[in-house]
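Labels A, B, C and D are assigned to the chains in the order they are written; within every chain, residues are numbered from 1.
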């Protein structure tokens, strides 16, 4: 009961903020609502007892990436961007893409309908701390993909540094 | 010092203000304690010119308006013509430009033609080692034909002596800027412009230094009156005729 | 956004980031411009690419005032220029007028003048050290410095009743006889003072942060310093061993033994060390001077009405900030025809632009501090 | 009813914290001013209340009554909200901190990560506040602050990892229990980690010598320049709350949390009597000074403070005196734990103050260089050193002491190397910069 209430609250918050992100003209305000949307998602994670995911969402997305976003937005000249032609002329394309996406999600739900509702939810108290689970899977079962992803990120980072440097 | 200045002056070198300590000397030995009250006790003769003080003081150098008769004390300090090696060197180099060489209270003064100021300045720095422009200022003598004295106080580190160069400048007569010789003249000339309205030719940024840009008049001129400005302000801002 | 920033009193030329320059206005109401200095900085990011000083906010027309006062009346005004070192200002002015008159202060007066002026130099340097350290972020030295400065001000107060704008000297000597315990007070101060300077050094000299903030900052080579007309400790830190107290002794400096500290690289750290050492040397002079204060009159033979014969004089002393010169022209009346004051702070400040180029905004603060300017003197 | 019951105690605790925190922050400011005054041979606030004890109240009233200025061209919404974000983030972080074994709002199994994550959200308050003020000083201050926080969070996080390896859990309570079990506080096992965390936490809370964002001699007041009155007070509250938070983290992680010194050694049990005696001493001093106060109100206030201390003494002493096994005796762990925890937090904050009044301020680039070129590499090496020590101990069954000491020694060697190479690159900046400026 309480769980559901919390879920709907966060879900509504996330959707509302997401809408505001794309409708605000002021980029900084958009960024703020994006942070809100991310935090609301984090709240849903917490509601699902996925504490580790919750905190990763907060630290990485809200605390790390969005700070950089805001940083950059503050530095660029917003007034110029405000008068420029935006991409929202392509609403027709966007509509098609979102319709396709919605159809996909609906199909996925329809296909997995049976399994989705038959698996009983585990009682929250009996779950072992999921931080350990995440670590176990990352460093055990999915070691190789994890390392590949790490190297990919490293390459991206080095590339960014090289590109950002004015003179070598 | 008034009493002994007469007897001490002849043996003293022409450029006054001299001491044994060259700038490079580390902590010089203690000077002779208090026997001679004059500050330039251990003077060393760099350019001795016995003639300097022997010549009777000329009354009233052109730079001075006729003052009241000197007080009845014995031999007050007075400007006197100067002729020593330094002056001779200057005179041979810039024959016509050195209008006068004076010694006033044991300080050497060269009066020069304003239009050759830059040349003389460069020579002073490069050949005579007057590498520090201590000060640049002006004095206003409104009754004179060329109303301003432009005064440059120079100092030479190697020689440890001072020299004052004066150029007589008329109102609205442009003077060559010495900024290229001594960069410090930048602000000093701006200040002279600010206070006296002397225009320096070739100055990189000649605008008022201390007073606001919109200031009217040049305050250190003798005929400047703050009342004009005050009344103008009162008229403009308060709409009445006089503030004073 | 550019438009928004313009209205906020600053001026963004195009954007904030990138190669474009920002104009940052520092002062006249900035906590570390030491009064009412205003510096317009052109910044590339946080790096200074150029600057312009706007001064004159404290201009009181001292030179003009002088032309309407007689010689004695003008003497108190000079105290208001470098209000951190009023005694030195007074000494310069009094000696200049004495030279103009052709009189000289009696030996006793000159020794006492030397003592007070050296104490004033210590006080001025202490104030500089405190505020300079504060600018760089060290809060505590300020209060230690003010504690010692207080001792000096107390001596001034005992001597002439005033602490800051003392008007301690008169033309021809001094008005007041030294009070009985002057020697004792000075000695007591000097006895403690050496340890106190060590204390400041313990806080700063070896401190990594302090060294990092001052070494290599605001470098002024000897040639550049001379070209910019810089004098005083700033010049000496650039390696020029020149001190008017030695080069052209005045007051009673020729009787005492002291050395002229110099720096090597002419950076902020050297200027700091030079001034610290100067305080020690001043203490040494004070100790020598109180050993033997000659007896005799304190006021020379000057009349009540001063009428210097026509002529002119340039006399300068080694003020705490540099060469403090007075160029006085007399027309033979009781009022000076023209008094020109050569303020050391003005010329030292002129070198600021050169010193801060290529540095960061934080260094600007450090360099302004290290120049030891007093706006009262810059603007007069 | 069952749904609500588990929330009652945490909400109560939260209320207590939120209610007390502003007062606490005010008194930390007072203590700071007093400590500063003491180090600077002065007296500090003496006027409001005896020895300035009521100064925080006066300051709070002053701040509340001040005009609330919003700059004309500011982004009003963001300007209004930014301080709230700051203060909320700071306070939220307190939720997972165990102030004593009983007094804790929530014992999350990701406790430490929660604190780090939530407190890192405080950056938004600073950045948005600086941006919304529409002033160069604010913007520069905000940017500096954000860059600084992001940089030092990295090394702080890595420093924490060292201790986490030892504890094997992220739960704050579990960390303290791990220290209780071994009897060794982690500061002795992971000293390098503690040092890194100390430095990084000073930088994270924007305290001197890293108080770049608000370097008052350069940027006036950094991101807070345009703020006034109550909004400004909120930023201030956030700053001091953050101080409490980092001090609490350090206490929990490295200083044994609520544990008494030598908690496992019965020989040192007499230390249990220290807290009540300390309080009694303070009370005695208050009563002794009370008659000497000049004004009647001040006398009364002094007596009140004394009585408060007496009450605390009783609270601390009763569990000791009560017979073993009674309810009162079992509350000893909670009450004394809270005392020791707060005591350690206070000591940690005192170190902050001490450093602030001793050191000059770093320049921004020096601070960044210190962060990225010294602290981050060192903390990475530290993690590796700790890992090596623990691997030797746990996998190869070395005795704990030599294994961990080996790790620490290796870390220190790396640190010395970093320092030595860093020294070489310390001063070439001016020349370099001039070169580039010619290019540009």
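Methods note: contacts are C-beta pairs under 8 Å (C-beta built on N, C-alpha and C of every residue); 3 or more make two chains touch, one makes a residue touch a chain.
This one's a predicted model, so the numbers in the text were calculated from it and none came from an experiment.
Shared contact partners of subunit B and subunit D, listed by label, are C. Centrality by Cα centroid goes to chain C.
Mean C-alpha positions place subunit A and subunit B at a centre distance of 77 Å.
Chain centres here are Cα averages; for subunit C and subunit D they lie 43 Å apart.
Rounded to whole angstrom units, the spacing between the C-alpha centres of subunit B and subunit C is 23. Centroid to centroid, with C-alpha atoms defining each point, subunit A and subunit C lie 61 Å apart. Subunit D has residues 139 in contact with two or more other chains. Shown for subunit B are the residues that touch two or more other chains, of which there are none.
Within subunit A, the positions touching two or more other chains are listed as 74-75.
For subunit C in complex with subunit D, the touching residues are 4-5, 7-8, 10, 12, 16, 19, 22, 24, 30-32, 44, 46-47, 49, 133-140, 142-144, 147, 203-204, 207, 209-210, 212-213, 215-217, 219, 357-365. Put simply, subunit C touches subunit B in their complex at residues 55-56, 59, 61, 63-64, 67, 99-104, 107, 226-231, 240-242, 246-252, 254-260, 294, 301, 307, 309-314, 316, 323, 325, 327, 329-333, 337-338, 340, 342, 346-347, 350, 379-380. Interface residues of subunit D facing subunit A in the complex, by the touch rule stated above, are 3, 75, 77-78, 81, 108-110, 113-114, 116-118, 120-121, 123-124, 127-128, 131, 139, 142-143, 146, 150, 169-170, 436, 439. Touching subunit D in their complex are the following residues of subunit A: 1-2, 26, 28-29, 32, 35, 51-52, 54-55, 58-59, 62-64, 66-68, 70-71, 74-75, 129, 131, 166-167.
The touching residues of subunit B, when paired with subunit C in their complex, are 1-2, 5, 17-19, 21, 23-34, 37-42, 60, 64-65, 67-68, 70-71, 76-79, 104-105, 107, 109, 131-135, 137, 139-140, 151, 153, 157, 160, 162, 164, 182-184, 186-188, 195, 208-212, 219-220, 222.
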